[in-house]
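In the part that follows, the structures are each spelled out as structure tokens.
There are two complexes below, and they share chain A, which is joined by chain B in the first and by chain C in the second.
Let's look at the complex of A and B:
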């Protein structure tokens, strides 16, 4: 069923939901952006609908709700340890179609990658229900249509924002009773059908081609551009790498915690081994690794779609104006050339 | 043509004497060094009608128009009336009469500023907005003062070499949980700034004392763990100057003060100058005025009635470091003033 709900009424509903749910949505942090007098939009707890930034793309993805930047795994003393805990509420996330697809990619990485489901991801992920935020035209860096993540039916509720009201499509029985008194509407979410940019996934057909791809000169062209800052990883909905570290408390060095923290494959020390060897020593090699993981390796492993969902946040956030979508298209062109040579 | 011209009066009107007898260079104020591009057609018109066809981008960011004949000054002044009104009164809110007589004084010099945070990725403040606010405080005063405003401690505006150098600084905040311990900010601080960041237990710690407030850590941070607090802060350098005798770099007077403090001290400048100069607005660098009064007297007068914000830092004394082109330049015979 679909309903039209005023902001005022929605805020009452949000208030009642809060007894069981933590509600996350993109929120504006004024003047907290990278540059002076720019804002930061990222996911945070909300308590009213006006806090939700629905007409801009968030700088950061909602992945941090289920995969926090810093997460305690366990606390230890000399002889004992205690597992970390999470809050006892369920989680509602306002997010877009691409991000819903993105969290499904994270599910593969954390829950179905090998034989063991990641306990720390699972315990948060199980709490989550999605509220789809409808996109109108998308933004100039979006390429969800090319990645097939522009549409979804995987949500509990879907919303369209108006000036002071919402239209809501409620699919989840749990929430249906809350809306019993609201005015019904014929709303169903619409989806972006076309983006300003089209991205072609490289058609790498065999291992030989893959090896040739490793040595393409295009990667080297990024050596002087990429600063290896890792911002693209931080904003990516599908980047799931982390580093596990033990820290000891300064007041008592025999106590401490084991925690995991996001890691970036663009950082110089990502592949550092004991003894100092590093597998990828140049920015170009690291970008190659990232690009292939997003459009090739993941698909090889899970036999599904590519990893990238085309949210374009990496392009938005890159301080050096490196466009991931342009990189993938450049790669596809090169692969097409290689395939053409082979077919002759 | 023979002339009988009081060049001091002409200079006060912002026309500078030329080596060519009877010619002058008009210096038009451009507060903060930025105006609408449409005014360039006015500059072109003046240069081609009354000047020598060129204009100089003045060292203090003025539109400087050389080769204007003494006889043309009245016509030029009448022509620039609209510009003066638009820039000084409408844009900056200066309290002045605008008439056919041109600029009323050259005393308070044009306020120099870098482009600031309307464009620059390094800037911490809107230098243009501040320049325009300060213009309404210092102009039109016959008392000389030079102000330069830099958007960040890179100081491209050379705030270190002017009477009052204002530098945009930022207080940064660190979100421990958002930090991934990558050390990019530590590298950036060591490379660009004062090496106040270091790694500890896979997170970052900061030596607060020596942070210059540049914001490089914010720029470098991939996760937004570092951010600027929304309040704008400023550093004030004083007493910098160029010159033949004893050029010197300015020294830090205030650090991490808010805009209210900047406005407050600039409002006290004229009174301070008048007292030190016995109410004769002669041309003397601000640094010399501070030297005459002594730093402690200067500090007392310039901070009179100013409420310092809690974060503010104030220099307890100042150790000047002059470039003395003649040794012991400050040690003079008793008879010399």
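Let's look at the complex of A and C:
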């Protein structure tokens, strides 16, 4: 059923939900943006609907709700390890269709890859219910339509924001009773039908072509531009890599934690082993690694759609204005040329 | 939850928690390398690895260099933070382990066929348990050629085992430059031609060592008539989880921790970092 709910009433509902739920949504952090005098929009706990930034794209994705930037996984003394704990509340996330698809991609990585579910992801992920935020036109770096992530029915509730009210489509029986007294509406979420950018997934048909792709000069062209900062990985909803490190609480201390921290495949030390050996030593090779993971490797591994959901945050965030969508289109053109040569 | 649950039986199992194991002995192999014998009843296959942890220091993937009743051995080069600290471990101390992880050398496929094992430096360590197995079960393979290469006399690992292997295998031990009794001089690649693959009715070749060494030894074997699908290599990569989540060991759609560390050469040759 769908309803029209005033912000005032919605805030009462949020308040009552908070006894069982932590509610996450894109929130404005004033003057915390990447340029002076700009704001940052990222996911945080909310307690009223006015806090939700619904008319801008968030700089960071909601992945940090289920896969925190840093997370204590074990606590240790010198003689034992203990599992860390999480809060006992359930989680509600306000997010867009692309990000719902993105979290499904994370599910594949954390829950299915290797046939053993990641304990730490799973314990947070199982708590999560989605509140879809309707998206009308997207933004200028979005390419969700090309990636097929513009639409979804995978949500408990969907919302459309008006000035002082919202329309809400409630699909989840758990939430239905809360809205019994609200005015019904015929709202169903609409989806982005077209983006300013169209991206073509490269049609890599075999390993031979893949190896030719490795050697394309286009990767080298990024060597002087890419700073290997890893900002693209940090904002990406589908980037799931991490490193674990041990942290001791005090100097000469005997207690501490084993901590999981986001890792970036763009960083030079991503593959570095003790003794100094590492792989992919140029920024171009590392960009190639990331690009192919997003549009080829993941699809090959899971026999499913590509990993990238087209949120475009990597383009928004790159300090060198490297456009991922442009890179993939360049790659597709090159692959088409390779395929053409082969078909002759 | 809709379609979320995976492997119900292990649903609440936390694979990241290591357990304490007693160190039964320490053997100093070289100035920087040492072997730890660790008590465990885990079922381990030749070529697999464990995550060894030291609280406060961290965790590293180390392959088993021996698998025996009630214990495994790890041979470690002390070059990093964790391996440097492991150097201080003594008999009777406790180590934290999780594993074993990864696939293993296909011993069942090796049985009844000639076997060639070529290893360089610390690459001898992941093949040592296989060698020890066939030393104890010599009748299972018609012949076993073992070529081991080390940098110099001071880098030679497993001296006792090497002497035992001489008795039951066709061995060539080589040092890059040093002239020492019992050792040839030169890189392992230079000795591959002594193996006539065409004399074998069927065979397998195991090659383990640094990436460059494996690459050139494989090419040399191919030149001598070996076929790709009979060759096996083992990869070493940085890992944080060993269960296919952390992403560090990924090469195209392959995860070394899950799909390796052992690869048939026909697969390995197309794994480009």
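Here, the second predicted complex is superposed on the first by the 342 of 344 C-alpha atoms of A that agree within 3 Å, B and C clash if a C-alpha of one lies under 4 Å from a C-alpha of the other, contacts with A are read in each partner's own complex, and residues count from 1 in each chain.
As a working rule, contacts are C-beta pairs under 8 Å (C-beta built on N, C-alpha and C of every residue); 3 or more make two chains touch, one makes a residue touch a chain.
Just so you know, these numbers come straight off a predicted model, no measurement behind them.
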Chain A as common anchor, with chain B and chain C clashing or fitting: fit
First (chain B), second (chain C), both or neither touched by A:263: both
Chain B versus chain C as contact partner of A:70, first or second or both or neither: first
First (chain B), second (chain C), both or neither touched by A:248: both
Which superposed partner A:37 touches (first chain B, second chain C, both, neither): first
Touched chain A residues, chain B compared with chain C: C
Which superposed partner A:203 touches (first chain B, second chain C, both, neither): neither
Which of chain B and chain C A:279 touches, first, second, both or neither: second
Chain A-centred angle between chain C and chain B, computed on Cα centres after superposition, in steps of 10 °: 110
Gap in Å between nearest CA atoms once chain C and chain B share a frame through chain A: 10
Chain A residues contacted in one complex by chain B, in the other by chain C: 243, 245, 248, 263
Contact set on chain C toward chain A in their complex: 1-2, 4, 6-7, 10-18, 20, 53, 55-60, 77, 79-83, 94, 96, 210-211, 236-238, 240-241, 243-248, 250, 252-253, 255, 257-258, 270, 272-273
Of all residues in chain B, those that touch chain A in their complex: 117, 121, 123-126, 151, 168, 170, 176-182, 184, 201-202, 215, 218-225, 227-228, 230
Touching residues (chain side chain A, partner chain B) in the complex: 29-37, 40, 42, 59-60, 68-70, 229-231, 233-234, 243, 245, 247-248, 250, 261-264, 267, 319
Sites on chain A touched by chain C in the complex: 73-74, 76-81, 83, 107, 109-122, 125-126, 154, 207, 210-211, 214, 240-246, 248, 254, 256, 258, 260, 263, 265, 270-275, 277-280, 285, 289, 292-293, 296-298, 300-301
